[in-house]
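I'd like to ask some things about the structure below.
Read from first to last, the chains carry the letters A, B and C; within each, the first residue is number 1.
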């Protein structure tokens, strides 16, 4: 066999065209001292802290598949590609990217990765951190960096990929992303089981079955999605027929159960009313049930709702916000503060004016500050989005 | 009796280190340092100036702070089983961490453990066994390698196909930075906001500091396991079976391939596993999970193998046979010591669909350079381990082996792959970094290293070629 | 990019030494490190110089001349090796470590002899009359309870007396005459130095148990020490002389099997071929003789062994290194124990690790030996078994002395003693009925 047939020669060094253009923009923004707001589809702009930027760079138009060889179960796409498009393209090959962040499905891959967003499927498949193989980034120093690679295993060099996942674009603008895909399971069925958080966790911990997702929903959320008016565990089972049948039998012993359509998951992702405040609490999995009970009490008082990824110890609390008055803000401050007191709390959404007062900045430890200094020394990229002082 | 003596400056260092760790734990003489001159890749040797082996966390901190105070470079080392020359200390202090062997706690309820860096990978799984748990990443050296070393290399192993690599199993760690600062990375009790410094630290090959303790996730032992052995009369057929299984949506716990020469080496060793010695390739496939449905998947896997042309497919009938089949795979690297006096092992990764072409290319390269290549690899991941046996006393053969390795590496990069999937860059793969990464990317790596170790004293000269860092720092104006 | 792989100089700094001849064995090591966790001295001392991989590196350095043969560190770490050969079981490359160790010691002792204590012991073991006298003295000290008294003394002397004290038979049994039909052939016993001197009841038990399992036992005159102690300590010439004497003696016996109930001696005799590989006149005879050598547990397992009478006792089993690692016999001793009805076998954690006896190691490296023994005693204590079975006199005495000095009531016994006691119980029961 001749040497050339091994594969098309991939130029691993070449920066994408758009990255080169972006690098110029970052360079001039830096020279002019103009901070930039990096935007994907623009659907999730209310998430995260307010950003002190004068100009916006949108990557929404920079969409499309760069490389997709189904046999490799890997895919490389431009950052602006929407999750919905990715789902459509991969489903045609019997595959999927098991990432289901909350919010609009027309959110982009870039935004999902930049914010490190994950949904119920993280229970079995992890978060973007576990699924991204490599990425192209335009750093705040206007360098085009191609981190990681396109193969499923890669330890060459320091891990710049992980560094940029969940960095909210403050170290670089993500322009291209490679992810690992999974084959769609033979069967994919979802069941709603009425069960307490403690019993649900006990089953998940000890069961030989590993559901693709197991999300506990508060009665309010259950009612909203019309699956019942008690706390309900939504369990998504994947695998061959015998496996799913076995899991269903095991689940049935847990409480009243019924099958629900898969669209339930999309409904859950889109369930939160626009403008809500969202706080994500987390703890060690064995303490999730206790956290759930305490968080539920607060959420109920706020007439909000909550759902929990039990195996990950994550409880996501949704607090409705009505109006923009001082009184409402004072009420919110109280509620969010009460939730924060329960343990590790990450605030996803909040009225802009409330952030600095009640949410501590992220990435302000000395090492993180040095990371920022190395890649965005002039704070050109999404300044303020991590809560760092101006 | 003879013994080399230390220069005066080192004698002073020796005394100060001995005051921390005790005299027995500071090695200075040639005869004592000899074994620490190489790791699991014995082709390379480098003599440390001094070896220091703390036995506790506090001693480790005191040693690193002393070295920081003196501005001295050092190289961390676990069990010295690495395969990239990453633990070689050329004229600098070697910091051995294999004595930090405490399993501080096992939390069965939350399925995690807190361990010191010198805990041996297999020892952790043994300690977790009474709780029905194990530590999932299982590098072939798991009976000897340490968790600290696994973290430094982001180690993988056969079962990473389903369960992921070290990165996916570390919840948090306490890092001792080269300047002596102690920081916590990650959060064992929930999520983390901000930069993923834990992710950056894992796989940093000892250049960002050392881990003082590591919180790892433990996996539940599967209810059922099926181990299948399929033998093929061509590598190509085996590679096609792998593709068919993956495309069908079955995720085996592991899917390993061995070629004919490897099979013969294993069968000639004490770890003879009963592999068919006349096969061109075998696939070792393991399925695990709930008992329900596992046989259906096993039947489909067997069918895919037969469709691809397998001569036979057999299933391990009991745990003893399963263990024997795995022993053969895990000891394959060592078994090759039998066929040649010296051995180099590579760790390239290609996209899975490029496997058949890549194997053909390796065979072509082997013929061109007249070298013996044995292939044993994680087929499900496309992670190849071409092993080349040779006689290192022959300059001609050594040169041919080196040229063949370089050709294989370039072919993998050209096929869209990478130069190391789990062994790390160390010094062995340093020459290939320029072909894999652009100067800007290498520069960004240097910048990240400088975050953790601005003085570049931890494991100097590894991972990123020196010239890229020089260039990055020499011309900051070019980037602004 | 580097221009080529480093090459290794193909020179030998010590031509004509036993080590230089062993170079191929050194080259088989690929430095993978799988041996580290199998090595008792590495686990105890936590220095890679005290591991098989480290010692092989030192051997290689002697061969290529990068370290001189009189290097003090080389000697220290080679001396500290127990020679348990657990590393051989762990080694995927088939490094003949035991052979390399003996060759190294033979090379090093030419430059600097062994310490006087070691030389004295080797001297005595090579001289039957002197050895008989020493053993007699031992038995007198044991019979007069001197050993018990003196075992309370601190240090090595006290430990040696505890070893002697521990040889007191732990198994009481009635006399019986085994029936024998000799259907499995003939066997002759290597009576051994310590076995016949201090464990004579075990030798008799061995003969009875084999007879009871269909082996006709014959005696062989003129046999000597097997030479294992000499070979392990680097006195290769001394070992060869003893081997030649034994070959000559056992060639006169027409027994099918030469049966050995001391694992260390059996391992040595099975390797007579390698020991005399360089001796044209003896090599073939040595190899032929070696092929007749069997551990007692092998012959018994071959025959079943026949089950005996009930012996309700809890026993744990410690594998002698020279049975498990050198002879690779893991299951036959367990089958011997399994033939005793009522015997409850409790698994021993770390059974595959050395007890620290290692021939005369416990007398010349007492500190390391004690540290290797400590976890063994703790693991035995954890089983709560009143007896620990092991088929080698060195291990019986090392563990026995350790148990004695620790004030533990557990006793060390040879597995064959238990089988023999089971047969005795059966005979008594038959007589009684």
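Here is the rule we go by: contacts are C-beta pairs under 8 Å (C-beta built on N, C-alpha and C of every residue); 3 or more make two chains touch, one makes a residue touch a chain.
Being a predicted model, the structure only gives us computed values, none of them experimental.
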{"item": "Required steps from chain A to chain C (each step between touching chains, minimum)", "value": "2"}
{"item": "A-B compared against B-C, more contacting pairs", "value": "A-B"}
{"item": "Chain at maximum distance from chain A, centres defined as averaged CA atoms", "value": "C"}
{"item": "Distance between chain centroids, defined by C-alpha means - chain A, chain C (Å)", "value": "63"}
{"item": "Chain centre separation (chain A, chain B; CA means) in Å", "value": "30"}
{"item": "Approximate Å spacing (C-alpha centroids) for the pair chain B, chain C", "value": "37"}
{"item": "Where chain B touches two or more other chains, by residue", "value": "none"}
{"item": "Complex contact set, residues of chain B against chain C", "value": "1-3, 24, 27, 29-32, 34-45, 53, 55, 79-81, 98-99, 120, 122-123, 141, 143-145, 269-271, 331-338, 341-344, 392-395, 398-399, 401-402, 406, 431-432"}
{"item": "Footprint of chain B on chain A - complex, ascending", "value": "1, 3, 5-10, 12-13, 15, 27, 30-31, 69-74, 94, 116, 126, 129-130, 139, 141-147, 149-160, 162-163, 165-167, 171, 182-186, 205, 208-210, 239-247, 280-286, 313-314, 343-344, 346, 362-365, 367-368, 370-371, 374-375, 386"}
{"item": "In the complex, chain B residues that touch chain A", "value": "109-111, 153-154, 156, 160, 164-165, 167-168, 183, 187-191, 193-197, 199-200, 202-204, 207-208, 222-224, 243, 246-251, 289-297, 349-354, 357-358, 360-361, 364, 378, 381-383, 411, 413-425, 429, 433, 435-438, 440-445, 447-452, 463-464, 479-480"}
{"item": "Contact footprint of chain B on chain C as seen in their complex", "value": "1-10, 24, 27-37, 46-49, 51, 53-54, 57-58, 61, 66-68, 70-74, 89-95"}
